[in-house]
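Following this line, the structures themselves.
Next come two complexes, and both contain chain A; in the first it sits with chain B, in the second with chain C.
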Partner chain A sequence: MSSTTYVIRHAQVLGGEPADLVLRDGVIAEVTAGGAASADGATEIDATGLVALPGLVDLHTHLREPGREDAETVESGSRAAAAGGFTAVFAMANTDPVADTAGTVEQVWRLGHEAGLVDVQPVGAVTLGLGGQQLAELGAMATSAAQVRVFSDDGKCVHDAVIMRRALEYVKAFDGVVAQHAQEPRLT
Partner chain B sequence: MNEGALSGVLGLRGWPAVAEEAIIARDVLLAEHVGSRLHVCHVSTAGSVEIIRTAKARGVDVTAEVTPHHLLLTEESVTSYDPVFKVNPPLRSDSDVQALRAGLADGTIDAVATDHAPHPVEDKDCEWDAAAMGMLGLETALGVVAEAMVETGLLDWAGVADRMSYRPARIGRLEGQGRPIAVGEPANLVLVDPARPSTVDAHALQSRSHNTPYAGRTLPVSVVATFLRGRATVLDGAVVDTASLQGAAVGA
Partner chain C sequence: MKRHLLSAADLDRDDALLVLDTAAELAQLTDRAVKKLPTLRGRTVVNLFFEDSTRTRISFEAAAKRLSADVINFSAKGSSVSKGESLKDTALTLEAMGADAVVIRHHASGAPHRLAHSGWIQGSVVNAGDGTHEHPTQSLLDAFTMRRHLAGGKGDLEGRKITIVGDVLHSRVARSNVLLLATLGAEVTLVAPPTLLPVGVETWPCATSYDFDAHLKDADAVMMLRVQRERMNAAFFPSAREYSRRYGLDARRMAQMPDHAIVMHPGPMNRGMEIAAEVADAPRSVIVEQVANGVSVRMAVLYLLLGGATLGDGTEA
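Then we have the complex of A and B:
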């Protein structure tokens, strides 16, 4: 971890009155009236006129790795996310191979950790290979190091009503959620 | 593209609103029947907003997201036949955009999610039918939301924090993210300059791809700094060198 302590001066927290924020050891150590925070040894940032928001969280990102590293990698996508103000992104499962096993979601999770710019939280596929026919091992992904809680065949719709029902039932066991790409394939 | 009068004029295959709405209607009923949790990706039509609003009123455990591009762009962009505007679900009508904004403002739609979809140039610089679907979103999301929601008075910054941080983290059960700015909380922060517009340069983005629909467009705000658990990942608008970050991580 970085040992840098930051004092952010006169930031408008959520657009409100100016305040000083002290960031130390990974947490917000102080929130005081603008100009009032103590600053011994800290790096000062003048945030006069700036709005402070909690780090943005994107539920729906395609990082393309593994498989299409010519389009994006976990590292380049993490840079894009940080530049956009994000501190966490959920990486969709339609990679090659598809993120439908504990091994693949752990690989993406580990690549995100190594890039170190945002928390990369893998999304697991609902069905094997996004094929829509057979449920993937949702439980194994949930108990993996990546602790997957969001499952989606995004890019494709879980169009079979029985498969969708079983997926909804399955994710209840670990407080997961099915994120549906809603597109009836017979109508498009 | 969106099925309607314009798709007929342009001679492009239509993707009708009902194809989205029929699945959402079925799925909220399934989620209610089994007592489970459903999240709807990239809601794009006024009818979808209405179905989700009704389901929430019935007590169904459903959440939904909208993309920045569906909050700002319409099917009119497709008259250029430029595949940078080809996306799934397609850009819809202005009345859909207004309904999506209203749904995000009143909380029917819980979150903004980018559907950031990078594609190499050979998959986008080609005729419409052959082109891949999707557009970049991560680096422009906040600016688009500022234009579509903040400048219009539909959301204040607290509302932006709710729809782009608190709620998405909670939907994904991501601990340590989407927390309030308060003593003792993880130092995950972004500093935004609300008075410094930024013009999008497709070739200056951090993404490895360039397929942004906002190239040359000026968005009303700029990201100045980002902090992940107290470490600066962006300072003065520039990404902090990752090599030094990795060195710090190894030393930890």
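Then we have the complex of A and C:
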């Protein structure tokens, strides 16, 4: 790589006064007044009129892969995310097959890694096949290469109170969280 | 010693050591051709079993018989209990027959306590396992086995590190072991998925962990608890495969234990579930020895509770 230094000119950091950001080897090395940073050998980017924010995280996306590659892929979804300022997306589990095993979450994670645009974090299903009957192998997904920490049956909802209690307790072993549509499917 | 043995907490350090020392003395009997002492001749021990059990019942029966007691075995199946008789009426019947000690196993936690404190019977009550509550003689035989391997067969277990792994929530073995081992100075760590640790476990005299691998290297003994496959249907864990991967003792995990450390299991084992067959059959596994020690320990308990004669060859009370 010829240059690993960037200077972003006149960006409004968190909406403040225009400033220059010097990025060296992937980290913010310096913040100066607008136009004050030295551009010695750096790639310059003009951000006049733009706001600089930390990378955004989307906790709820559907990247559809595997199974519905005609609608979206991990690659196309991460490209859209990156274009919108997102640096991490969580991919919901309602793929085909459902992301309820270490194998499937690792597949999604690797596709995201290969696309190389944003961090793709697979969300693991709470129950097998999103069926609400039996816990999926949450521990296996947590210790897989995907290191899953967020689990959800998303729109299917975990509506059995016992299953939900067990899931909430079980994920304590690896600091996981369970994300839930607060919805009782038999009433809606 | 108290008149009954209902909980491992009924034993203070001196009582516990007295039982273990007495058991050690009685264990020498098993090496003899005639394995019998006359100390409890004429006394009656009733085995009152409301729940299926093989090794505990046989163990108590062998213990009582080696002390020359008369043994009556009562199992709920095929008895008047199956006709709806209450615990009270069963107890009054046994009392009328002159039971000196009642060894009770019951599916309801607290049944031995009820039997001991309701004024129904005069004799001693020994808890042989009640519900998910306690199993004090199992903890005594476990401590006896640990003492043999880890403390030269005498004294307490001060500073020994014991890792107990599995379904603590439903385990009376775990509860009694935690209490007795704390009394004997050992440091216990319970390892289980969060779903199989009871509410309130933080008040027990032990540590807890969800990470088995972190508690192998410094363990002096690793005790595996039986895990019923049916627990999976109640969603306590996702699958047998995931359970044994996270909480099973296999050869890889056993290799991380110190050379002197022993493997224990109260039985019956689920080979391939909580314990791999090659671990169960390994030289450091003392599972079969635990059963043998069970008889000696139960002899000691019956002997001490029934106030038998001084231990010695052929001398009677």
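One rule holds for everything that comes next: the second predicted complex is superposed on the first by the 184 of 188 C-alpha atoms of A that agree within 3 Å, B and C clash if a C-alpha of one lies under 4 Å from a C-alpha of the other, contacts with A are read in each partner's own complex, and residues count from 1 in each chain.
The working rule: a contact is a pair of C-beta atoms (placed from the backbone, for glycine too) under 8 Å apart; a residue touches a chain by one contact, two chains touch by 3 or more.
Here the structure is a predicted model, which is why all the values come from computation and not from measurement.
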item: Superposed partners chain B and chain C on chain A - clash or fit; value: fit
item: Contacts of A:42 with chain B and chain C, given as first, second, both or neither; value: neither
item: Chain C versus chain B, contacts on chain A by residue; value: B
item: Following superposition on chain A: angle at chain A, chain B versus chain C, Cα, nearest 10°; value: 110
item: First, second, both or neither for A:169, with chain B first and chain C second; value: both
item: Chain C versus chain B - closest C-alpha approach in the superposed model, Å; value: 8
item: Common ground on chain A, meaning residues reached by chain C in one complex and by chain B in the other; value: 169, 172
item: Chain B to chain A touching residues, read off their complex; value: 15-16, 18-24, 26-27, 30-31, 33-43, 48, 63, 65, 67, 88-89, 111, 113-120, 123, 134, 136, 138-142, 156-158, 160-161, 164-166, 168-169, 171-174, 176-195, 205-209, 223-234, 237, 239, 242, 245-246, 248-249, 252
item: Residues on chain A engaged by chain B in the complex (per definition of touch); value: 1-2, 4, 6, 8, 11-15, 21, 23-31, 45, 47, 49-62, 64, 68, 70-73, 75-77, 79-90, 114-119, 121, 149-150, 152, 154-155, 157, 159, 161, 164-165, 168-169, 171-172, 175-184, 187-188
item: Chain A partner contacts - residues on chain C that touch it in the complex; value: 193-195, 210-211, 232-239, 241-242, 245-246
item: Complex contact set, residues of chain A against chain C; value: 128, 134-140, 162-163, 166-167, 169-170, 172-174
